[in-house]
Amino acid sequence: MNAPEVFMDKPDASGRFGDFGGRFVPEALMTACLELEVAFNDAWNDDAFVQEFYDVLHTFGGRPTPVTELSRLSRHLGLRIYAKREDLAHTGSHKINNVVGQTLLTKRMGKPRVIAETGAGQHGVATATAAARLGLSCTVYMGELDTQRQALNVFRMELLGATVVPVTSGSKTLKDAVNEAMREWVTCVKDTHYCLGSVMGPHPFPWIVREFQSIIGREASRQLTEMGVGTPDVVVACVGGGSNAAGIFAGFANTDARLVGVEAAGGAAIATGSPGVLHGMRSMLIQDEFGQIEEAHSVSAGLDYPGIGPEHAYLAKAHRAQYEAIGDDEVIPALQLLSELEGIVPALETAHAVAWLIREAGTTLAPGTSVLLNLSGRGDKDVAQVREILRGAS
Amino acid sequence: MNAPEVFMDKPDASGRFGDFGGRFVPEALMTACLELEVAFNDAWNDDAFVQEFYDVLHTFGGRPTPVTELSRLSRHLGLRIYAKREDLAHTGSHKINNVVGQTLLTKRMGKPRVIAETGAGQHGVATATAAARLGLSCTVYMGELDTQRQALNVFRMELLGATVVPVTSGSKTLKDAVNEAMREWVTCVKDTHYCLGSVMGPHPFPWIVREFQSIIGREASRQLTEMGVGTPDVVVACVGGGSNAAGIFAGFANTDARLVGVEAAGGAAIATGSPGVLHGMRSMLIQDEFGQIEEAHSVSAGLDYPGIGPEHAYLAKAHRAQYEAIGDDEVIPALQLLSELEGIVPALETAHAVAWLIREAGTTLAPGTSVLLNLSGRGDKDVAQVREILRGAS
Amino acid sequence: MTGLEVTLRAVRHRGRRAFVPYFMAGTSNEWLRHVEAAANAGADAIEIGLPFSDPMMDGVVIQEAAKRSLDRGTTLASVVGELASVDVGVPLVVMTYYNVLLHGGLERSAAMLAQVNVRGAIVPDLPPEESSEWSSACAPHDLATIYLVAPSTPNERVAMVAQRTQGFCYAQGRMAVTGTTSEEGDGASVAAAIRAVSDVPVYVGIGVSTPEQAQRAASYSDGVIVGSALVRRILDGATPNDVEDFVRSFRRALDASHE
Amino acid sequence: MTGLEVTLRAVRHRGRRAFVPYFMAGTSNEWLRHVEAAANAGADAIEIGLPFSDPMMDGVVIQEAAKRSLDRGTTLASVVGELASVDVGVPLVVMTYYNVLLHGGLERSAAMLAQVNVRGAIVPDLPPEESSEWSSACAPHDLATIYLVAPSTPNERVAMVAQRTQGFCYAQGRMAVTGTTSEEGDGASVAAAIRAVSDVPVYVGIGVSTPEQAQRAASYSDGVIVGSALVRRILDGATPNDVEDFVRSFRRALDASHE
């Protein structure tokens, strides 16, 4: 008999989680990926680095974020719901955890500059923030369409001293911003770190980002224990690339908790995708029969990605986590319900996870089920869009 | 010889801080003010209430907020600057401290409803948030001009289940919203608490709000001690009504720290005002020679108030705190500098305090001076406005 | 006892229900003519509003009047100057907010007002607890300080207020700021509460806008104060004759009720 | 040794510097005519791009060509179908991204390509570490797997890559994605590094866009690959004759350099 499998450990030497992951990059970037792996390994085993990472997240990033019992929503749905409040982290989402880690690593590697891709701008703002703090130069690639839709976030990054480059290729959105960041990284890899925004891309990025985000799950696990809740029955998080989900799952991967990732129906790589290679990784992708990548479509820019991090593809295949899809029409009511009942306006991304709870409460979620919801971000960035949508609907 | 005066203690029985304060309200509200004083006194001496207040701020509000050493700004200015990060509190500013306290008090008094005034919307959003959490009904009065300028905040309050009433009287801004909230309070005082947003208005509001906000100063004092900084040379905060300043001053009122409040030049009640009575209090006001109140004018809506809390008027007169004025032209560069050097985009209100540091560094602030800056709020709400201003300037 | 109270007690003694119309000073060139018309038509006293930028106890009508008056440059001194030119034969009472008096200087304000036969002052944001300085300034000039009792005022407090008010006691007819309404208010219970502890004249105001309402209020009080309903008409262009008609309609209703 | 390498070593043996133009398959109805024209004008091998939606290693020109081709409905199968109709007499090498081959099925893709005389494949997002499955699929069909060496590749790694590449070794002339440039690149040092550890033919590509640049590159390598400069012309409407002229100008420059 085999020993029980340990989930969310280090990937294998080739950067694989089961069949997924790997390092499908141009030779020009191969060395940077290999060096990054060494540097991260070294840093993550260096107590001083780990301590600095925690310290910065504590004194600058606002960690630990609290766990809030959502009493009124719980009563409404007949569940016991606890929210991990990443919306209270600096810049308004879990994205800060990753960028604090990667910028500290950048400094440690002696590189004076970072580049990043961004969709709606959350990861771009977070990267610009962490770069400003360390005095690193920062360039953010953003689809031209997104720079228009999210002009305020462009300005916010500029305020933080970053340069924003509109990407005019392809669909002019997140997927193309990643392509362009990779292309640009080829030209400057010597003195520039690519600060990737989710648990995606070539090895070691999915691993690095998951490790930096795992602070969410570790904190939550400790907090639930302190609150006397113990291991929750369900842990649920929205999934774009999958970093906030990976971060919270990491605290519960080897418990009995049911792990649920919620994708946008228009970008549901697990539910509607198939295996493939994109952006340096083998994972589940939305693509046509010829392997051409399709554009994702979601009301929430942060879930508008045709792939998913490789470790999630693996957790799905290994039946350790389940992945569900929520359509745009369920998202706005979920955002409204949480706002009205709890005084927390969530990000549209996060509202997908709330919508799943609303849908399943009373059916697959028996009354009294305890749920840990990763409240990945605040909705301030989305308020104008939600207003337009509700106006259009009325 | 007299015992040394104790600052920021309870006001006297008439609600006076020295010459300032009092209870200049219509007879119809007198009973509510008296009852509120009794209820608060009772609650604030009830360990269970105080504990619940702290618990909610901890698990829901994101407290304690960290103290961040601003290393790069410090180097730039030749000072040692520590920022108390109220920008990381739920809803993005210190306003949450006060509304959590007042809504808990409302529930304790058995009232099912709150009303509030708001300028730019920060206090309105905070009140709607705290009310949603407790299931209290909530109406927010907001100058009609402000509802237009800050339409998104109106929608945000509505998302949180509040009703927003545009105020069409007078200058249609904050001052008039206070008048209107008072007028409406007369009609519903029996079942409605008026959740006032700053250390202003009739007794006991200035005292209650200061007490609820004093958590800022108490936390900061403890944190600076833990960091080995001890009592800072200077404690600086921006001042609209004065609640964030009062909150942080409360932790240092009886130390050697120099306390500095920074008002907007266009609403500098201490620097350019004179004593008078408005909104239920005797304080310093901007008014003409006939006692007609003038409109304040500031780039920052939260400082756009022609008065100041009575305790500040007293601290100024007693020379315990000093109050300085910063013009609009110094505010934007200060906001930019903090953003670029530290990765923190402050609220325009907060940027006034930063601007004062920039102005005084190297002159009245000797090199090496330690400064505790109250970073009262985040700038997300102001980004669109700053963008317009910088566009107009270029 | 203040001169004002002596006069108003005499009105009551005559078996007459007092009618006190309110005018915002300085809303037009004609405002003094309005005041004179009211006196001619049988007002027993006249309330003169001195405008304040932030009238916390006033509804939209009086807010608008205050704004119009301020825009025309009205000040305490300008009102006093104008009042010096008339003698309407009935007591004048000013209604204003504390900051206007404070900024004029309490002593000086009281002296100026008394000089032009103002006999009392209603300062809605000045409850008894806060009024000792103003009362001291008024005393030498026989200027009465008039307090309100609200529907929310508890009984013990009614006794205190009624004991300290001078001239008359202002029974606030409903929990609201000034303005017109068709609702039956709380005037009866407020007036009863005052009468239970004091024999000072009790006038009902706030929400009295029609002769019928006035008649009803007069059945349980010593008089009524009518503000917004009259000011609305003046803002809309009422002439002194219109004002006379308006006041007369109330006068008739009050006198009829008492026959 | 793959058939491709045998052929290309023979070119070198003849003292000839190889010229390898790149075409994106399916950009227009005429694309096969362009390929034929290039073969006529003296190309030693021809690179055929199979379009991918997300060409991470390509600059704007080839991105545009890929988009145009995809919009015209190009697929691996359609390209194979078209190639079946021509025999240009020089080896064909495809360049595409891994997902295109993976989705076609690795075995099936390799077999289909080999069927139409494709002799090798460049897959820029498939480094040696990830290519074992693809290589295994290619082996039975004598389809060469061609690797790149970049300016950033350290020496130990150059040895590994040069040892595993088949047909030729692609020396990346600069740290950039495909595109035209006037800058002197890193081709010389990259080629030297490869030559220091292997005698596989070394072709310089990425950033070679003029006959002069090609001549310089040929002085330290066995041949050059020209992509964006040619594709740009085709996107702008170049005819097969124009392509012939273009290729001839490079042919002349390379031959001259070697006299």
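Lettered A, B, C and D in written order, each chain numbered from 1.
The definition used in the following text is that a contact is a pair of C-beta atoms (placed from the backbone, for glycine too) under 8 Å apart; a residue touches a chain by one contact, two chains touch by 3 or more.
This is a predicted model, so every value here is computed, not measured.
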{"item": "Graph separation of chain B and chain D (steps between touching chains)", "value": "2"}
{"item": "Chain A-chain D separation of Cα centroids, rounded to whole Å", "value": "37"}
{"item": "Mean-CA-position distance for chain D and chain C (Å)", "value": "97"}
{"item": "Chain contact graph, described as a line, ring, star, complete graph or other shape", "value": "line"}
{"item": "Pairs of chains satisfying the touch condition", "value": "A-B, A-D, B-C"}
{"item": "Touching residues (chain side chain B, partner chain C) in the complex", "value": "14, 22-32, 169-170, 175-176, 179, 182-183, 186-190, 275-280, 285, 287, 289-293"}
{"item": "List of chain A residues in touch with chain B within their complex", "value": "58-60, 62, 65-69, 72, 85, 88-90, 92, 128-133, 135, 152, 155-156, 159-161, 335-336, 339-345, 380, 383-384, 386-387"}
{"item": "Complex contacts: residues of chain D adjacent to chain A", "value": "52-60, 63, 67, 70, 75-76, 97-104, 124-127, 129-130, 147-154, 157, 161, 172, 175-177"}
